C-alpha cells in the first residue's frame, strides 16, 4: 500500500500543530516549514470576539488537493498538509495550518508561501468576523475574480 | 515589567515545536511561520547515524539575538524565537526551530527565511555528521568567509 | 428519462449569498436544453432581489470547478455561487 | 598590573580546529604590546602544524565579534578560531 504524502482536512476540531507536523515529518527530509493563521483580537480598531468559518467543503477539499499537486509540479516536496478549521474559532485560536517537508529548506519556504497565498485566493472558505458590536463577512484582498469581468 | 518578545536558546534537550510556537503566539498577531531543521537519514548516499552539534555558545547567543534585531529593522515582527539543539541529535529529530509571529503573513515568511539563512551563514555552531562508516565536520554552503580573502 | 427541452439544476448559496436568499440551496428547472452562466445569473437576479449586488462580485462554480460567464450549464449540474473567499 | 610590552590572550578552538590542536583553548603570551590577527594566524600556524590548512578557511572572532585579518588583538582579548559553520 502506498504511504500517504498529502494531507488535506476541513474540521471543526481545534488544530494541533504537532500532530500536523508529525504527518509531514520524514527521515529523508531535512526541512519542515509551517504557517499557522490565528484569530487576531482587533481589526481596524474593532474588537474581534470570534470568527465563524463556513466552506463549500467538497470543492474546498478538491481545490486544496489540487493546490498541492500544483506545488509539487514546481518544488520537490516530500510531504504536505493543509488543515483548515470550520465553525467558531475563538480569538487566539488557529484557523489554518499549512506544513511542508522537503529535502532542502528553500523549497519548503516557497511551497508553504504558495499554498497559503493560493488558499487565500481561491478556496471556497468564508470567514464571518464577529465584533463586540456587529459582524461582517470578510473578503481576502487576494480573492480571485477571474472569469467575471 | 516588559513582556519578552525575543527568545533565543541553545539546549541539549529535545526541541518542542508547540512550546516554541506558544512563546511567539500573540492575540495581536494573525500569522505564525516556523522552520524546523531535522536530521536526514542519508547524505550523498551515506547512511547518517546521528549528528553531533557543538557551539561557541556565548557568541552564538549574541549573534542570534542580533539577527532578530536586524530582522525587526526590516519587518514588523510581533515575537520571534530561535532554538538550536546541541549535543547528539539522532536521525529524525529536530536540531533547530525558528518561529516568528506577525500581524500579516508576508512578513512572517520573509523573517523566518532571513533568520534561517543568516543562522546558517554566520552563527558559530558546528555539525559533525556521523555515518555508519566514519564522520566529518560539515560546512554550510553559505558559511561566510568574509574578511579572509 | 429527462425531457430534452428542460433542465433541472441545483444552485448552492454560501456566506453572504446564503444570507441574501435565506437559502443554502435550491433546485431550479428551466424550459431550456442548456444555458450559459450569464443567463443563469440574470435569472437568479430576477428571482432574488437581494442577490443583485452580491452576484456582481461572486464567482460561479459548476460541479466544483470555477467557470466563466460563458460556460454552459447542463441537466443535473450543481452550480455554486461563490462570494469572495476569506479562508486562511 | 600587566607589562605594557607583552600581551596574554586566550585562544578558543572549535570543531575541526579543536580536533587539529587537541585543545579547546589555550592561553598565549606574546612579547608585544599588541598584534594583528594575521600575525596571530602566522604564530598559530607555526605552533600547530595540523592547523595550517584549517586556518586558511577559518574566520576569527575577537571578544565574540567577527573580525578581519588586519584587526588588532590586545591584552586580555579572547580570540576564537571559527571553522566554517554548519548550524541549522
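Every chain is named by a letter (A, B, C and D) in the order it is written, and numbering of its residues begins at 1.
Keep in mind that, in the parts below, a residue touches a chain if its C-beta (ideal position, glycine included) is under 8 Å from a C-beta of that chain, and two chains touch if they have at least 3 such contacts.
Everything numeric in this text was worked out from a predicted model, so none of it was measured.
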Q: Quickly list, by label, the chains bordering both chain B and chain C.
A: A
Q: Could you please state the distance in Å, as a whole number, between where the Cα atoms of chain A are centred and where those of chain B are centred?
A: 24
Q) Using mean CA coordinates as chain centres, what's the chain B-chain D distance in Å? A) 27
Q | Centroid distance [mean C-alpha coordinates] between chain D and chain C, Å | A | 75
Q) Using the touch rule from the top of the page, what residues of chain A touch 2 or more other chains? A) 37, 116
Q | Interface hub residues of chain C, defined as touching at least two other chains | A | none
Q | Each pair of chains that touches, named by its two labels | A | A-B, A-C, B-D
Q | Contact set on chain B toward chain A in their complex | A | 17-18, 21, 25, 27-42, 91-92, 103, 105, 108-109, 112-113, 116
Q: Sort out for me which residues of chain B touch chain D in the complex.
A: 37, 53-56, 58-60, 62, 84, 95-96, 116, 119-128, 137-140, 143-148
(Q) Per the contact definition, I'd like the list of chain C residues that touch chain A in the complex. (A) 12, 14-16, 19, 57-61, 64, 66-69, 80, 82-88
